[in-house]
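After this come two complexes, each holding chain A, first together with chain B and then together with chain C.
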Partner chain A sequence: MQKYIARRVLLFIPTLLLASVLIFGILRILPGDVALAILGQEAVEGGGGYTETQIRELREELGLNDPLPIQYAKWAWSMVNGEFGGESIRSTEPLSSIIARRLPVTLQLTVYTVLLSIIVAVPLGVFSALYQDKWPDYVLRMGAILGQSMPNFWIALLLLLFMVTQIGWSPPLGYSNIWVDPFHHLQIMIWPALILAWRFSAYMTRITRSGMLEVLAQDYVRTAKAKGLGQQLVVRRHSLPNVLIPVITLGGLEVSTLLGGTVILENLFGIPGLGQAIVEAAVGRDFPVVQSLAMMLVFFMLGLNLVVDIAYSYVDPRVRYS
Partner chain B sequence: MGTLLEVRDLRTEFNSESGIVKAVDGVSYDLQEGETLGLVGESGCGKSVSALSLLRLIPNPPGRIVGGEVIFEGQDLMKLTERQMRSIRGNKIAMIFQEPMTSLNPVLTIGRQLTETVELHMGYSPEAAVRRSVELLEMVGIPDARSRLSNYPHQFSGGMRQRVMIAIALSCTPRLLLADEATTALDVTIQAQILELIKNLSTELGTAVIIITHNLGVVARYADRVNVMYAGKIIERGTADEIYETPRHPYTRGLLGSVPRLDVDREDRLASIEGMPPDLDRLPPGCSFVPRCPHADDHCRAEMPPLSSKDGTEHVYACWKGHEFGPLELVQTQA
Partner chain C sequence: MAIEATAGGQSAFDQLVQEARPKRTVAQNLKRFARRKPAGAVSAVVLILLALIALFAPVIATHDPIRDQVAAERLEAPSSSHFMGTDNLGRDVFSRVVYGARISLQVGFLAIGLGTVIGMIIGVLSGYLGGKLDLVVQRVVDVLMGFPFIILAMLLVVALGASLLNVGIALSVAIVPRVVRLSRSSTLSVKEEVYVLAAVTIGVSLLRMVLRHILPNTLGPVFVLATGALGGVIVAEAGLAFLGLGIPPPSPSWGGMLNIGARGYMEAAPWMVIFPGIALSAVVFTFALLGDALRDVLDPRLRRGDS
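Up next, the complex of A and B:
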C-alpha cells in the first residue's frame, strides 16, 4: 500500500509539470499589461500621469522583461522552494499567506457540499431503487434531473433575488471563520453549499439508484434473501457496500465539476476562497496569484483522485494495491 | 417417515413483452422426509422457478405465484406472512444456487456470510456463531477453516465456494435442501465431490433434498425418485430405476437417448430431440410436446393428457400413448 501511494505521488510530477506549462502559457497569451494597469490605477488615484520610462522600469522590476523560459523557471522554482510562487504583484502579499487564508475556505465549502450530498443522495438513491417505477421513484428522478439541468449560478441568482425582494434578507457580507463565529460562518456558507449540493446530490442520487438496481439483481442478493435475511439487512449489509464502489469512483470524478461551481458561487456570495481570489487576480492580470492558485486546484484534484483510489481498496476487498 | 412437503397445483407466471409466460403451470408433487428427489428438464422448463416459488423468492415484478399450495410440515407456505416466511428461509428450507462464482457476496468475508444465518435463526452469540462456522467449514472439507473465515470469496476456487454455499445452507440443519444446478458450473471431478458431499451430509442430518438439474447422470446416481418437467409441467414421475428402465413419455425417452454412454456400444449417431422447447406464452392447446413428438396424433393435439398410469402404479406419465412403450433398448440398468 505505501509503495502504491509513493508510486502514485511520483506520477503527480509529470501531471503537475504539464499543468504548470499550460497555466503559465495561457496567462501569457491573455491580452492586458499588469504594469500599465498598476500605473494607470496609481495615476487615477494620484491624479497625475505616467511615462514610458516608468512603465519600462516597473516591467523590469516585476521581471516581465525576462525571456519566458526564465520567467517560467523562476516561478516553477518558487513553487517548490516553499514560496508558492512568490507574492502578489498587486498587493505584495506573499502567496503562502494568500493560500493559507483562502484554501481552507474553499475546502470547507467543498466538504460541506460533499457531506450534505452524501447524507441526502445515498438514502434517496437507495429509496428510489427500492421503489423502482413507482411514484416516489418518479418524483425523486424528476428532482434529480432538475438539479442536474439547472446551472448553479442561475439558481444562486434566483435565490439571492428571491431572498432580497421577498423576505428582505441577504446573506451577510463579511465572512467569519467557523472557529470564531460558527453561526455567522454557517449563515454565509449554507446557501452556496445547498445550491452546490443540489446539483451534486442529484448526480449522486442517480448513480446510487442505478448502482442499487444493478446490485439488487445480483445472485448474492438472492442468496441473502434465501438465507431469510430481512429487507434491512439485505440492503444495508449485502447491497450498500457493493453500491458504494461505483458511487465513490464517479462521485470522486464529479468533485472536479464541483470545484468549477465553487469558483462561481464564491464570487456571487462574496466568500473569500480560492475561487474568488483567482477571479480577482485574473481580472487584475496578477499572474503569480492566478498561476499559483490554479496549481493549487490541480494539486487538490490529484490528491482527491488518490484518496478515491485508496478508499476503493477499503470498500472492495478484491482491489488490493501492491 | 412422513410427508415433508406437498406441492399442489403450483402456478407461477411472468409478465413478458409478448404476454404472460406460465413458467410453472400446475405442478404437484410430494416429498418424504429425508428423500432425495430429482427435478429434471431442459433449460427454461420451469424447474428453477418452481424451486424459487417454494421459497417465495420470485422477483415481483415481473413474476408472481398465481396459485397453488405448498404444504411444508403441515402449513401452507403460500399463506404465511413475509415475516414467517423469512424464518423458514435459510432455516428449515435452504437453497444452493447454480453459480458459485456470483452467489457469495464479494465484499463480505466468508465468516460474516456464514455467521449471519446462525445468528439470525438460531440466536447464536457472535462467538458461538464463529465456532459453529469453523465446524461447518470443516464439515464441508475446507482445510484450515478458522483462518479462512477472514477470507473473501475471490480467494476461493469455484468448488471451494460451492462448499461454502453448502456450509451456509446446512448451517441451521434444514429439513429441506434445494440444490438448483448446484454442480453445473463446476469441473466434472469437482461435481462428483460436491454431490457426494451433499448426499453424505443430507443423509447424516436427515435432510430431504431436491436436486434440480438437466444432468440425467446426476439424477440416476443420487435421486430416489425423479420428476421430469417439460414446458412448466411435470410430464413423468417415477423411481429413478423406473424412469431409466422404462421411460414412458417420448420426451423422457428422447432425453435418455441423447445421453452419451460409455457402458453401451453404439455405432449410430447420438440421438437428439428435434426442435426447440416451446415458447411458454404460446403453448398449443393439447400436449405441449406435440411439435417435437414423432408419435403425436390428433388426440394429442386436442387434449393435454393427465399425469396418470394405465396400471395404477406410482410411475405416472402425461402421455396418451405412454403404456405402449417398452423398456428403452439402449439402456442397461445401472447398479
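Up next, the complex of A and C:
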C-alpha cells in the first residue's frame, strides 16, 4: 500500500513539471512577443500607438529579456514559493491575492454541484436499476441524453429567460460570500450548480444503475430475499452500501470534468471564481494571469485525480497490483 | 486441404472466405445499417441535410448574415420575412443560423480531421515501436488528458489568435491525446496477431507494415471516437465563441450568437437565443446518436452474436 502511494506521488511531480512546461511553451508560440501583443491590444483599445521605449520597458518589467529557460525557471519557482508568477498586468493585483480570493468560490461551486448530484443521482440510479428496461428507466435515460446534448450555457440562458418572463424573478446581481450573506450567496450559486449537476448526475445515475444491477445479481442478495426480507431492506442494507463506495470514487474521478462547465457558467452568472478570472485575463491578453491560473487549474485537476486514485486503491485492492 | 497460391495472388483459402461471407453491395450494407440501427440511420440523414444546408447556405438564407443590418427592423419577432426574427443589429436570425451551420461544420471537421490524423500517426508509431518513444508519448498524453479541454483550447487560442483556422487547430490539439491513447491501445493488440508476425517474417518494411497491416485494423474504433467527439468539438467551439474567445463577432457562429451580449436583449427578443441554441443542441444530439450507432456496428468488442 505505502509503496503504491509513494509511486503515485513520485509520478505526480514529473507530471506537474511536464504540464508547466506545456503551458509555458504554448503561450510562447505567439508570433512576436507578449509585450507587443499587450501594447498592440492597448493601442487598439486606447486608439493611440506605442513607442520603442515602451516596448523595451514592458519587456524588462515582464522579464522577457531573460533567455526562455531562465524565464521558465523563475515562473516555476514562483509557483512553488507562493508568488504564483507575480501580478496582473491589467489590475496589478498580485496573483497570490487573486487566487486566494477566487479559489474558494470555484471550490464552493464544485462542492454544491457534487452534493446536488449525489442527492439526485443515487436514488434515481437505484430506481432505474429496480425498474430496468421498463418505462421509468427509459425516461431517465432520455433525460440524461438530453442533458448531455444541450450546451450548459444554453440551458443557463433558457433558465434565466424562463425565470424572468414566467415568474418575474432573476438571480440577484453581485456576489456575496457565504459567511457574510448565505441567503444571497445561495440565490446566485444554486443555478450554475443545478445546471452543472444535471449533466454530472446523469453520469452518476448511470454508474449507480450499473453498480446496482451488478449487486442485485449477487448470491447474498438472493439469500436476503429468500429469507423473506422486503425489497426496501434488501436495497438499503444489502445492496446500496456495496454500490456507494465505487460510485463515490468513480464520481470523484469525474469531478475534474466539471471544470470546463464551471469556467463557462462562472462567466455567465458573474461568479468571481478562477474560471471568470482566466477568461477575463484571456480576453484582455493578461498573460501572467492566464499562465498561472491555467497551471493552478491543471494542478487541481491532476491533484484530485491523484487523491481519488489513492482512495480507490483502498476500496479496491486489485488496483494496487496492476 | 492444401492451400496454394494461385496466379492471381488469391489462395484457395481466400476463395473459401469469399464463399462463406456473402458479398454485399454498398446499398445493401446501408440498408442493413438502417434496419439494425434506425436511430443511427435517421441521424445520418439529418447530418447529410445539415451538410447540404451548410453547402447551399447562400441559396437557403433569405438575407446576408452580416451585411444586411436594417436599423428599423431591430429585434423583430419571427414573421414571414424573418423566419426566426431579427437580432439587436437588425440582422436576420434565420440566415445567421443557416450560415452558422457552415462555421460549426468547418471547425468541427477541421479539428477532428487534423486531430485524428496526427493522433493516429503518433499513436500507431508509439504503440508499434514501443521503447523510449512510447514512454515519452505516454507521459505527454497523460498530462494533456489532465488538462481541462476548454482550458487547453483557450490557451492555444490566446497564443495563436482567434480565427476560424486557429480555433480549429486549437480544438484539434485537444482531441489528439484521446486519439493517441485509443490508436495506441488497438495497435498493441493488433501487434500480437499472427498476421503481423507473418509480415515480420517475410521482411515487410516499417511503412508497409504500419500502412497495410496495422492502421486499417485500428481505424474502426478511432472512427467511432471521432464521430462521437465531433459534437463535443462543435460545443467547445460554441463555448469559446460564447466566452468571446472564439471566432470573432461579425461571423455568425452559433456560440457567438448566444454570447453574453445577447443576454441583454434576451427578454425583448427571446428568439435571439432560442434558435441558435436549438440548432446547436440538435447537431450535438444527432452526432451523439450516430456515434452510438457506429460504435455498435464498428466496434467488434461490442458486437453481439450477429455479424
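Worth pointing out:
We take it that the second predicted complex is superposed on the first by the 265 of 322 C-alpha atoms of A that agree within 3 Å, B and C clash if a C-alpha of one lies under 4 Å from a C-alpha of the other, contacts with A are read in each partner's own complex, and residues count from 1 in each chain.
One rule holds in what follows: a residue touches a chain if its C-beta (ideal position, glycine included) is under 8 Å from a C-beta of that chain, and two chains touch if they have at least 3 such contacts.
These numbers come from a predicted model, not from an experiment.
Once the two complexes are laid over each other on the shared chain, residue contacts for A:L259 go to chain C alone; chain B is not touched. Annotation for chain A, partner touching more residues between chain B and chain C: C.
Using the contact criterion defined above for the overlaid structures, shared-chain residue A:L115 touches neither chain B nor chain C, since it reaches no partner.
Residue contacts after overlaying the shared chain place A:R237 against chain B, while chain C stays out of touching range.
Legend: residue contacts after superposition of the two complexes on their common chain; A:V307 is shown touching neither chain B nor chain C.
When the shared chain is aligned, no partner comes close enough to touch A:A73: not chain B, not chain C.
Of the two partner chains placed around the shared chain by superposition, chain B is the only one that A:K225 touches, whereas chain C remains out of contact. Put simply, chain C touches chain A in their complex at residues 139-140, 142-144, 146-151, 154-160, 231, 235, 238-239, 242-245, 258, 260, 262-263, 266-267, 270, 273-274, 277, 280-281, 284-285, 288.
Residues 55, 57, 86-91, 94-95, 97, 99, 102-108, 112, 116-117, 120-121, 152, 154, 165, 168 of chain B are the ones touching chain A in the complex. By the touch rule above, chain A contacts chain C in their complex via residues 14-15, 18-19, 22-23, 26-30, 145-146, 148-151, 153-154, 157-158, 160-161, 164-165, 256-257, 259-260, 263-264, 267-268, 278-279, 282-283, 285, 287, 290, 294, 297-298, 301-302, 305. Of all residues in chain A, only 218-220, 222-230, 233, 237-238, 241-242, 245, 315-318 touch chain B in the complex they form.
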